[in-house]
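One chain, subunit A, appears in both complexes that follow, with subunit B as partner in the first and subunit C in the second.
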Partner chain A sequence: MSLGRYLSFFSDTYYLNIFVRTIRVSLICTLVCMILGIPTAYFISRTSKKVRGVLMAIAIFPMLTNSVIRAFAWINVLGKNGIINQILGIFNIEPVSMLYTEFSVLIGTIYLFLPLMIITLVGVMENIDNDMMEAAESLGANRIVAFFKVILPMSVPGIITGSVLVFTGALTAYTTPQLLGGPSNMLMSTLIYQRAMTLNDWTSASVIALIMIVTTLIVMKGLNYVASKLDKRGLE
Partner chain B sequence: MKKGGFITIVAVLVFVFLMFPLVIIACTAFNTAPTISFPIQGFTLDWFKNVFATESFIDGFKLSFTLAIVATLLALLVGVPAAYALSRFSIKGKKFLKNYFLSPTIIPGIVLGYALYQFIVLTLKMGVIEGLLIGHFMVVLPYIIRVVGSSLEQFDFSIEEMAWTLGCPKIKAFFKVVLPNISSGIVASFMLAFINSFNNIPISMFLSGPGVRTLPTALMNYIEYFYDPTVSAISVLLMIGTILIMVLVEKTLGIGALTK
Partner chain C sequence: MAEVRLENITVSYDGKNNVLEGLNLKVNEGELLALLGPSGCGKTTTLRVIAGFIDPKDGHMYCDDRDFTRIPVHKRNFGLVFQSYALFPHLNVYENVAFGLKLRKMDKVTIEKKVTEILKVCDLTEFKDRLPKNLSGGQRQRVALARALVIEPELLLLDEPLSNLDAKLRLNMRVEIKRIQKKLGITTVFVTHDQEECFSISDKVAVMNGGVIEQFGTPEEIYTRPKTEFVARFIGFENFIKLHKVDGVLECADGTKISVDDSGDKDECLLTIRPDDIKIVADDYKGENVLCGEVVVRTYLGKSYQYETMTPFGKVVVNDASGTLYNTGDKIRMVLDKAKIVLV
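Presenting the complex of A and B:
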C-alpha cells in the first residue's frame, strides 16, 4: 500500500473535477441553507407554542419522506415537461433543460438539508429570551440591527452544528445526485458506487471511500474548532 | 409580537419551497394523463391500482417493513443494555466506546454500504437477507444508543439503588424501575430507527441481490426506466404513512422527539 494511489486521484483531472464539484455543491448548499434557514428558524422560534408545533411539523415532514420521492418531486418540477417548463410554455418561452445539471443537484440537495438546518437552529433560537430583542430595541437599535447584533451572535453554536450536519450530509448524499445529476454531474458518492458496482474497480472505490471519510472528519473537526474559538471570544 | 417584514417573507417562501414539490406529486398521482403533467386533466385512481399490481413495489414494501422492524428490535436488544452500561458504569475507555457506537453516523452511508458489500457479500458470502439485516442493524443502532442514552442521562439512578436496597434483584429492578422511566426514549428511538431503516438507500443499494430489493431501491430502479404517475401514487401512500407516524409521535411524545 502506498500513497501513490491518493496522489494519482488528485492528479487525475476527471477525479479532481468530481472532488471539486462535490465540495462546491456542499459548500453552496450549506451557505444557502444558512441564508434561508436563519430567518426561517428565527420566524418559527418567535411564534406561539401551538403555531411553532405546526410549523415544525411542516419542516420535519420532508425530512421523513424518502429521498427517492424528494428527488422524484424535483424531476417533476425541473424536467423537460416539468411544471416550470409548462409555465414557461404558456408565455411561449422555449423549454429550458434544468434537469441533469449541477443546478438541479444543488436544488435537490438544498431541499434535502434545509429542514435539518431549520430544526437545529430553532432548537437554539427558541431558548433566546424575547426580552433580549426588546431590550436592544428599547435601547435604540432597529429590528434589523438588533437581529444582527443580538440574536445572530447568540445563535452561532446552532449555526455551526447545523452547518456541519448540512455540509457532511451534502458531501455524502447518494440518491439526489444519482437521480438529478446524471452521469455528467457525478459527485463522490455516485462515483464510488459506479466504480464499485458498475466497473468492479475496487481500488479506486476504496481510495474514494477513504477520501470521503477524511474530508468529512476535517470539516467536522475544523468547524468545531472554529466554534470553540468563537465561544471563548463570547465569554470574554 | 410584530415581526420584521423581511423575515416573514423569507419564512413564507421557505415553507412554499418545502411543500411545493410534495404537493405537485400528490396532484399528479390523481391525474388521468399518462405522463406527469400539470394542471390536472381528470381524476383517476388507476395509478394507485398500478402500484398494487406492480410486484416489485409490493415485495419491496414487505421486505423494507420487515427489515425495519427486525433490525430495530435487534438494535433495541443490543442498544438499550449498551446505553445503560455506558451511562451507569464508569467503564474503561467509555468515551472511546461511545464514539465507536456512534461512528456509523460519521462514516458516510455510501462508504459503509461499500465496506459492508466487500465484507459481507464478497468475503463472507452471506445471503442477501442476512446481509441486509446486518447492514440495517448497523444503520439504526447509533440512533437507539443516542436517544436511549440521552433519556438515561435524565434518569435519577438513585431510584434504582433504592429498589436494590429494598431487596429487589438487579435484573428485576432494571425491568421494573429503569425501563418504565425511559419508555418514551425507547419509543422515540424505535420510531427514528424504523424511519431511517425504511428509507435507507446507500446500504440497500450495495446489499440488495437479484430479485431482492427494498422499496426505496425498487423505486429508484423504476424511476430510471419509467416516468409515470405510479411513482407519484406510491409517494402519496408513503407520505400518508409518514403523516400517521408523525401524528402517533405527536400524540404520545410530542413531535420534538423526532428531532433528537
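Presenting the complex of A and C:
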C-alpha cells in the first residue's frame, strides 16, 4: 500500500466531502455539548449532595440504553410521522423532513454524548469552592461575570477532557449516523463499514481508519495546546 | 470609611430555627470590631449578613445611614477576606489583586498604580508574578488582604483570616492587619474564635452565643469584667463558686465569707476568678477570702505550675509561680484577689 492511496483520498471530492462532514459534525457536536453541558454541570455541582445524586442519575440515564435503541427513539421523534411533525400538523404546518439529514445525525450524537460532558464537568466543578464565587462577587462581579471570569477558567481542564471524549466519540460513532443519517449523509465510520463489508475493499477501509486515528490525535494535541494557553496552572 | 449598623437582624436557614435573633450591632467609623464566640454562635452568619450573602428574615442593615439590606453583594463595595483566602488559582498575584479594579473598568495606568501601591503596603511586590499555589500561607493571606483593600472598600470584613496559619505567623499577621487597618482608617469587622487574637487586635468586642450578643464592649472591659457566666468561661475564667447572700454578706456554701468591692443586688450569684489571680498562702495567713483545698492534679505550664484543687464547694484551679512545689494530696490555702473577683 503506497502513500498514493492516502493522497488520492484527499484528492477525491467524494471522500473529501465525507471527511469534512465528519469533522464538522464532530466539532458542532462538541461545541453544542459544551454550551449545553457547562451551565447544566455548574447547576448540578452547586446543588446539595442528595439532589446532585438524583440529577446525575438523570443525566446518566440515557447511557443505560443501547445506542441503536436511542437512535430508533429519534427516528420516532423526527420521522415523517414522528411526534414533532404530528404536533406541527395540529397547527396545519406541512411536515418537515428532518430525518436522514445532517441535522438528525447531530441531534443523535449530541444526545449520545452530552452525558459524558456533564459527568466530566461536574467532577471538576464540584471541587470549586463556593468561596471563589463569593470572592468574585465581593469584588464587584455579578453572578454572570463571576461565572465567566472565575468558574469557567477554573473549569478548563474539565472542559478539555469532556471535549476530547465527546469529539472522539462523535468522530467514531457508527450506529447513530448509520440509522439517522442515511446514505446521503455518510460519515467516516459508516464509510469504513461500507468499504469493508459491502464492497470488500479492505485497503480503502484501512486508509480511512488511519486517517481517522491521525485526525483524532491532531485534534487532541490541539485541544491540549489550547488548554495550556488558557490554564496557566498546567504549565508549571 | 463608614459606620455600620445592624438593627434587629433575624436570620433563619430552615424557616423554623433562628440562627440570629433580633441582633443589634454598631461599628463606628474606623473602628475594628471583633465578633468572638464558639463555632455555631452565629458570628460568621452575622458577617455574611453584613457582606450581603444572606438575606435576613427580618431587620435592616445600614451603612452610613443608607439602607443596605437589599443591595446585592457586588454593589456593596465591601472588601472580604475568607478563611480559605479564596484566591483565584488561575490568576497570579498581580491579576488577583487587579481583579476588582478591572471590573470597575478603570484604565490600565490607574490599575497598575493602585495595585503596585497596595502590593507595597502588604509587602508583596516581589511575588507579583507568582501563582497562589506557589505562595506560603502568610503570603496568600496578604494577597487576600491586598485584593480586598485595593478596591478601597467602605468596610473590611475578615472571616477567621488567621486560623489557617501557624502560631508564629499568626502573631505577625495580627500586628500586620492592625497596622494596615489603622493606616487606612478603614472600618473593619473581624470574626474569630480565638480570644487572645481578638483582644490584641480589636477596638471593640462583641461576644456571641446562640445567635445573640452576650456582651459588647472594649477588650479591657470584657477581659476584666465579663457580665455572664458564658462570657467568663469563654475568655478564660476557670473557677466558678456559687455564693448566696446572708445579711448582706456573700457566703460560700460552707459559710466562708467572701468580701468584694460591690456585692451586687442579687441574692444568689456566681463568683468567678482567673487561676492567675489566686495566690497560694502560708497556713498562718490572716486575711479575707481564704479558701482551703486539697491538690488533685499538678500540671507544669512552663512559667508556673497549675494546681487543680478540691474544695468543699467544688474544683478550684490556681496558677502558682512562687516556686514552692506542692504534691498531690497536700492541703493548701488560697486567697482570692478581691479586686479581681467577678460576680456573674
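Quick note on the criterion: the second predicted complex is superposed on the first by the 231 of 236 C-alpha atoms of A that agree within 3 Å, B and C clash if a C-alpha of one lies under 4 Å from a C-alpha of the other, contacts with A are read in each partner's own complex, and residues count from 1 in each chain.
The criterion applied here is as follows: a contact is a pair of C-beta atoms (placed from the backbone, for glycine too) under 8 Å apart; a residue touches a chain by one contact, two chains touch by 3 or more.
If you're wondering where the values come from, they're calculated on a predicted model, not measured in any experiment.
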Clash or fit, subunit B versus subunit C on superposed subunit A: fit
Partner chain(s) touched by A:189 [first = subunit B, second = subunit C, both, neither]: first
Touched partner set for A:39, first subunit B, second subunit C, both or neither: first
Subunit B versus subunit C as contact partner of A:150, first or second or both or neither: second
Superposition-derived comparison: subunit B or subunit C, residues of subunit A touched: B
Which superposed partner A:77 touches (first subunit B, second subunit C, both, neither): first
Which superposed partner A:164 touches (first subunit B, second subunit C, both, neither): neither
Apex subunit A: angle to the C-alpha centres of subunit B and subunit C, given in degrees as a multiple of 10: 90
Partner chain(s) touched by A:139 [first = subunit B, second = subunit C, both, neither]: second
Minimum Cα separation, subunit C to subunit B, after superposition on A (Å): 9
Residues on subunit A engaged by subunit C in the complex (per definition of touch): 129, 131-132, 134-142, 145-146, 149-150, 153-154, 156, 231-233, 236
Footprint of subunit A on subunit C - complex, ascending: 51, 53, 72-80, 82, 84, 86-90, 92, 99-100, 103-104, 131, 133-134, 147-148, 151
Touching residues on subunit A, where the partner in the complex is subunit B: 36-37, 39-40, 42-44, 46, 53, 55-62, 64-70, 72-77, 79, 81-83, 86, 111, 114-115, 118-119, 123, 130, 143-144, 147, 168, 171-172, 174-175, 178-179, 189, 192-193, 196-197, 202, 205-206, 209, 212-213, 216-217, 220
Touch list for subunit B against partner subunit A, complex: 1, 3-4, 6-8, 10-11, 13-15, 17-22, 24-25, 28, 35-38, 106-111, 114-115, 117-118, 195, 198-199, 201-202, 205-206, 216, 219-220, 223, 227, 231-232, 235, 238-239, 242-243, 245-246, 250, 255-256, 258-259
